[in-house]
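Each structure below appears as structure tokens.
What follows is chain A paired twice: with chain B in the first complex and chain C in the second.
For the complex of A and B:
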């Protein structure tokens, strides 16, 4: 009797179509492209700001228009998906044990949402939104 | 108990005669209350005695009968026929080489399990006269969930990281290392950390989370791996930012 184990090849480019859970994972991972794009936009904004008022105003003018607004909305949707999908798994990474019990995960998730809202309000406050 | 004719497509592979695996169709009469393992046993007993598969306890404890059932890693003793309609596709656990029929080669997993030293390494050796190593219920709860692992390898079959990078230590091995690291009686973390925080260790995991979704014992390996990442990151900060430079 001879051993001749058979190895099943896994497609390196289509593996995530095998299961809906893999597609869900990829939908979270692909958000990094949009987060990265927004980070680049922010860097451009800082650079233009450092170049003076005229440069800053031309940067703002370039952002006006329907295509730019659409792009920002798309980025916002992916950013929210990124944020919520990570918030929802935080209890796995940061379990809180109190005595012999664990704090229910929903409290840890809720704490992240509360912190998110507070930080957003602070940013809006410093941005001059009253 | 009502009878039901169950249709199975089972992946067969005979290393002595087959160049690659192929599906074989079986029709077998089963009780509605049976599980897929019962159906396979009925096939072996009454239709085809050459069919090979592993099983032992028939109660989701031994972890031997893991298979892909309709593409999902399952313990076949825990997969009730009443939850399946039409033809049930039964294949060996994904991401492992096929030894024969539904039997996979588990050597890689066993080797990785050994590497993480999944046993208590006492902080201080005590003589038997000094009595047992005591633990409070709270200290037990810290790791109890992770101690429920039965080494069934379903998490490896679900993990796309392991499929694409077979060097990855994988969910169960790292979870068991974490289980002992969390144990108040244990002092072996430094030894395990060399393995689980290495290139092939926890950083290969990108948190797909499939391991926890398929775990039949609700161990939550994905949670364990994220906790190991956090602890390893803290180690790095302690090593590089604190005076003395030792984690």
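For the complex of A and C:
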């Protein structure tokens, strides 16, 4: 080690503002806050459901309103960001080899998007959304 | 080779992330419709109760809630480090305990339906 090492001062709490790709990385990481919040909301829903019809209906009534709609829109945006960022790295996470060649990544990503759309439509259909 | 608990938490993270990638947006959308005053049929008490009373419905709800929680817990652990909180041993115990508590609670509530 040299006697006067060069130390670059990097903020521990604001380093990701230095480069757009660091910010993109952080935008992908913070989706977990919203996925976690949604899981807690679902946990609440299951709790109220287990307490009977009156409890469930008061849960639905409490959910209705502009502020919870706004919160859910924010959660939706981050959930979609989790989906797209998750699918876009699938060729790296699970490359498909056919003989000597690797299947081009765009096919793996596209297959995930198609499956996502089908699953979503299926859920909407069975949930009775018209 | 040194033993590590990383594969367990990482596989829960990956499973939860994949499940969330496919299901989270549409499930959020269902609750958003309810928040806007147009709850879909499935959120009616009779229908949702029947769904959760069946063992397949319980497995679905349990998988969604717990894997989302474990996914969020593991990623939150890494993200808190990225935000400058350098207390990983404490953070790890806290986030995984929270996920474990959520898992236990969701099992408890689902079994009462």
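Going forward, the second predicted complex is superposed on the first by the 122 of 130 C-alpha atoms of A that agree within 3 Å, B and C clash if a C-alpha of one lies under 4 Å from a C-alpha of the other, contacts with A are read in each partner's own complex, and residues count from 1 in each chain.
Everything below uses one rule, namely that a residue touches a chain if its C-beta (ideal position, glycine included) is under 8 Å from a C-beta of that chain, and two chains touch if they have at least 3 such contacts.
Remember, predicted model here, so these are calculated numbers, not experimental data.
Enquirer: Which holds for A:29: it touches chain B only (first), chain C only (second), both, or neither?
Expert: Once the two structures are laid over each other on A, A:29 reaches both partners.
Enquirer: What is the contact status of A:41 with respect to chain B (first) and chain C (second): first, second, both, or neither?
Expert: Once the two structures are laid over each other on A, A:41 reaches chain C alone.
Enquirer: For the three-chain arrangement built by superposition, which of chain B and chain C touches the greater number of chain A residues?
Expert: C
Enquirer: Figure out whether A:16 sits in contact with chain B (first) or chain C (second), or with both, or with neither.
Expert: In the superposition, A:16 contacts both chain B and chain C.
Enquirer: Does chain B (first) or chain C (second) touch A:4, or do both, or does neither?
Expert: The first partner, chain B, only.
Enquirer: Is A:99 contacted by the first partner chain B, the second partner chain C, both or neither?
Expert: Touch status of A:99: first partner only.
Enquirer: Both chain B and chain C touch chain A; at which residues?
Expert: Correct list for chain A: 12, 16, 29.
Enquirer: Using the touch definition up top, name the residues of chain B that touch chain A in the complex.
Expert: Spelled out, the residues of chain B in touch with chain A are 13, 15-16, 20-21, 71-72, 94-95, 97-99, 105, 137-138, 141-142, 160, 163-164, 206-210, 212-213, 220, 222-223, 226-227, 229-230.
Enquirer: Note which residues of chain A are touching chain B in the complex, please.
Expert: Its residues touching chain B are 1-8, 10, 12, 15-16, 18-19, 21-22, 25, 29, 89, 91-95, 97, 99-102.
Enquirer: Considering only the defined contacts, which chain C positions touch chain A in the complex?
Expert: It comes out as residues 16-18, 20-37, 39-43, 45, 47-49, 52, 61, 64-65, 68-69, 71-76, 78-79, 82-84, 86, 102, 105-106, 109-110, 112-113.
Enquirer: If we count contacts the way the header does, which residues on chain A are in touch with chain C in the complex?
Expert: Residues 11-13, 16, 26, 29-33, 35-36, 38-43, 45-47, 49-50, 53, 56-57, 60, 63-65, 68-69, 72-73, 75-76, 79-80, 82-83, 86-87, 112, 115-116, 119-120, 123-124, 126-129 of chain A touch chain C in their complex.
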